[in-house]
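Just dropping this structure here.
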Amino acid sequence: MKTGTTTTRVLGIFALLITTWVVVSAFFLTPADVVQGDSVRIMYAHVPTAWIAYLAFVTTAVASGLSLVRKHRTLGFDRVAGASAEVGVLFMAMTLITGSLWGRLTWGTFWQWDPRLTTTLFLFVTYVGYLAIRRVDVDPVRRARRSSVIALLAVLEIPLVHFSVVLWRSLHQEASVLNTDGDVRLDDLMLFTLFSGVVAFTLIFVWLVVHRQRLAAMSDVERLVGLDVAITARRAESTVGGGGI
Amino acid sequence: MNAILAIARKDLRIEWRTRTLLARVIPFALLVLVLFAVALDSEPLLLRAAAGLVWLAMLFAAMLLVQRSFDVETADHALDSLMSFVSSPSKVFFGKALSMFVQLFALAVVLLGAAVVLYGARVDGDSVVLLVTVLITATIGLSVVGTLYGVVVANMSGRDSLLPLLALPVLAPLLIGAARATEAALGSDTIDLANGWAWVALLVSYAVVFGSAGAVAFAPLAQSDS
Amino acid sequence: MALGGFPALAGVDLVVRCGELVALRGANGTGKSTLLRLCAGLAPLTRGSAHVLGFDVARQRDVVRTMVGLLGHDNGLYADLTARENVEFVAQLVGAGTNDVESALDRLGIDSRVAAARAGALSAGQRRRTALAALVVRRARLWLLDEPHAGLDGQARAELDGILRDATRSGATVVYTTHELEVPGARIPRTITLSGGIVARDVESADPS
Amino acid sequence: MNAILAIARKDLRIEWRTRTLLARVIPFALLVLVLFAVALDSEPLLLRAAAGLVWLAMLFAAMLLVQRSFDVETADHALDSLMSFVSSPSKVFFGKALSMFVQLFALAVVLLGAAVVLYGARVDGDSVVLLVTVLITATIGLSVVGTLYGVVVANMSGRDSLLPLLALPVLAPLLIGAARATEAALGSDTIDLANGWAWVALLVSYAVVFGSAGAVAFAPLAQSDS
Amino acid sequence: MALGGFPALAGVDLVVRCGELVALRGANGTGKSTLLRLCAGLAPLTRGSAHVLGFDVARQRDVVRTMVGLLGHDNGLYADLTARENVEFVAQLVGAGTNDVESALDRLGIDSRVAAARAGALSAGQRRRTALAALVVRRARLWLLDEPHAGLDGQARAELDGILRDATRSGATVVYTTHELEVPGARIPRTITLSGGIVARDVESADPS
């Protein structure tokens, strides 16, 4: 069995092409920043991964909600939720890594205790916890229900991350230490490259989720086929008419 | 309503009989405050961080209380039957959250007192209202989130390690809000009273969101695995 | 229905009428406990459907739950409450009175010393008796008991049989599992034997007492 | 010796199967580091307190691991039989302490790495030897004390709350020693390398004292109550 | 001996000879479990003295412990290990071989599917069987079993009786408690009945098989 279809292959090729364009443009075509120099090029990876992680977590939440409501498709939606969260955690990790590398180049340290960074870390750990609870081996329906609730609560943290800077400033008298929004001034090509990056990462995200989800579906199907075999075997165990006790 | 009270009363009776809060959790929380002092090893630092550390100690202690509250239910699989006695699962949620609130509030008062003694925090007359409001709203938020995640992990093996992992990130905003508001009430120079009330508003909405989420989500969660 | 990929039950076709008293038998691991938990809405259904008292177990779980009294392998007692307090707590929640509590304790032979002891400090049989007392107070419409005889002494067993019979007389349905050997004197109206996850034998006794 | 290894292997096999350390305790410990930062809310402070905070997080995480280690033993009363299989109870002690050490050491390495990234701590080439020695000795001390107190509370109800209460005060010297020695290794200006080695000596004697105490005291402690 | 201030046993005077097979009976709460735990060195002795295989239980607890195999109301299994791994772990510690493990599993009717399942995912009877297999591997000199029949199906019960008889043949002493009714076919060499914390009856069967 394979998890690929023509559609996903086309998707994959598109993702590759656009990624190639982004890499070329990011490294060779776009100008270096006046203040930050070449390090600004990290932005083309950093910002899209953050946004795709958001997208992944929102997808997880939506799929979880559907999994709770649509009782007869619970497991299908739950698989999507799980796959999307896995990919989201991956992208969030990339955000953290690219961010701290960027920080190392611009601030001289890997990390600043700025509200956005801190809340990002919380978001990351929340979904690591979500994955941890999915790992606990229980009946799939029950797991779906439980993890759906957690996913729906966890997604509330995204606005917190996004607005943390504003929220913090309005409530907190100390100005935040460093403005992460950066003093980067984006020209048209930079903007175009940035959004190409977003498109490329979105395609990669979709591609990963589709495959991951199909893999899970296949093992579920295998389980169900196995179940039929097992049910037959189980019936054969019975000693009809004979003493079970 | 009756069921909610009966459940809360049952929890508090068990608490009273085993003295978990009094003999263990309160000393533990005080110990954590002392350990913070040991780890930081500097007095002006401590005074500056007092409010945050008090609430951090509250969070850790709350984890213990939540664990205890659900250990009692799952040790002999009582939760399964408990759910079958009430007309709506949300009653179990509110009953357990209520007893949790009572215990956590007592704990919060003690810890704040300890911060005054240990870290030299100061409470002024005019900010007492703010302080009490913060204590109540933050403790409500802590109780509902604790109860909610307590039931999430209730029937899982190794729940001791899962609970803090799941609950603490969600409680982080509460930690920040409660710490800043308490700082304001304690008369810090970095944050004033008005700002403190703004944080209280945040705490209130936090409690409302998770309170309603808990009431709704409790039923699908409270099912045992094996 | 399947647990962790293994089919615990492989197609049980079974109708129990209201007011019946049914004994469920079968070798270890044939799915008796799983069947009871399924009917109580505690175990998930992988295939097929189950109706209890006219309600669908999978869809109307909350309704089913309130009508079924399940005594599993565990007793569901709070170790730090006394035996009496445990039963009283159940009584409060289901709206039974103090008399009911006393008569249930009495019926199960839980004397005042035992009733006043922490449930955690009771012997295995005393705990089982307390759980049964709570079940009596509960007055469920469907009683599901998983090996209720295990750990009970001869006297308590006799008492239990009386209680189950009384329950069916007052209209409740009772299903229990057991590994006890057929006892000459006792008469059980209907015995169902599971084997390999299906019903292997279903014997209706000729003279239900 | 064989028995010690068999017991440690059993524990590690259960750990591997449930991934408690990897999927739960390590994320939890990282979370604690972040929460400290939130509560303190000041970067220079954090850098100054980094070593202390790392070890404090270790202590909290160790509580979870110890609890887990004995939950496994007491859930079905396996400890009673386990004690009857070995010729001397101290073998059970060393077996469980060994598996605890392996897990805690992995945790310590991860946490120190996190401190470097998050708190901006710096590790120099010439102090690496000190750092590794501190990690090993302090972790040994933590393992033996954790195992010893783990068995003390193993058969008590509500042990979640009792363990930290009993163990943390005993671990306070370890916290101080490990924190100061780590500070020295991280190149703080308040404490130099030589001083760091002096603290290591303290850690070694701590581990030796509690190791022998554990070996002797394990037998009378590992008796169930009910 | 007293538990929580209440005397669970009030002067049991009892001598069991080596190689004997003894059934301990009595109503719920008469102190059977307490007596077994006492002999295994797990319950404290308030008054009097107890000697097991010539050793003082209170003073030489460690010696006693290594010679006694106790199966209590709980099974002492690790839920996250498989049934086979549980038995293997015991075998490693007591120095038994792989053959012993296989033959013990076989004897208790634990087939390969059950042996490879997590102990936590087994049925009550399958768990009990696993615990018994571990006990067989253990080869203790004194076997103490607290209601070993509870939860076992008919076949396993018969097997258990055979195992206990074999143990006594190879020189071990076996004491077990039970609430089972006297089964016509089975012969138990000696039955001791406890009541109110003392020995009420001590019947030696005429023809020990």
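Residue numbering begins at 1 within each chain, and the chains themselves are lettered A, B, C, D and E in the order written.
Definition applied: a residue touches a chain if its C-beta (ideal position, glycine included) is under 8 Å from a C-beta of that chain, and two chains touch if they have at least 3 such contacts.
Every value quoted in this text rests on a predicted model; they were computed, and no experiment measured them.
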Give the chain pair, either B-E or D-E, that is connected by more C-beta contacts.
D-E
Of the other chains, whose C-alpha centre is the longest way from the centre of chain B?
E
What whole-Å value do you get for the distance between chain B and chain E if each is reduced to the mean of its CA atoms?
46
Just the number, please: Cα centre separation of chain A and chain D in whole Å.
33
Could you put a whole-Å number on the gap between the CA centroids of chain A and chain C?
46
Distance between the centres, which are taken as Cα means, of chain E and chain A, whole angstrom:
54
For chain D, write out the residues touching at least two other chains, lowest number first.
18, 24, 27, 31, 34, 38, 41-42, 157
For chain E, which residues are shared contacts with two or more other chains?
79-80, 121, 153-155
Note the residues in chain A that touch 2 or more other chains, in rising order.
122, 125, 128-129, 132, 139, 142, 243-245
Which residues of chain B touch chain C in their complex?
2-3, 6-7, 10, 13-14, 17-18, 72, 75-78, 80-89, 219, 223-224
Applying the document's contact rule, which stretches of chain D touch chain B when the two form their complex?
18, 20, 24-25, 27-28, 31-32, 34-36, 38-42, 45, 48-49, 52-53, 55-56, 59-60, 64-65, 67-68, 71, 157-158, 160-162, 164-165, 168-169, 172, 175-176, 179
Considering only the defined contacts, which chain C positions touch chain D in the complex?
79-80, 120-121
Considering the complex alone, what residue numbers of chain C touch chain E?
3-4, 6, 26-29, 33-34, 73, 113-114, 117-118, 121-126, 128-129, 147, 150-157, 179-181, 183
Partner chain A, residues of chain C touching it in the complex
2-7, 10-11, 25-27, 30, 43-44, 46-47, 59, 179, 193-198, 200-201
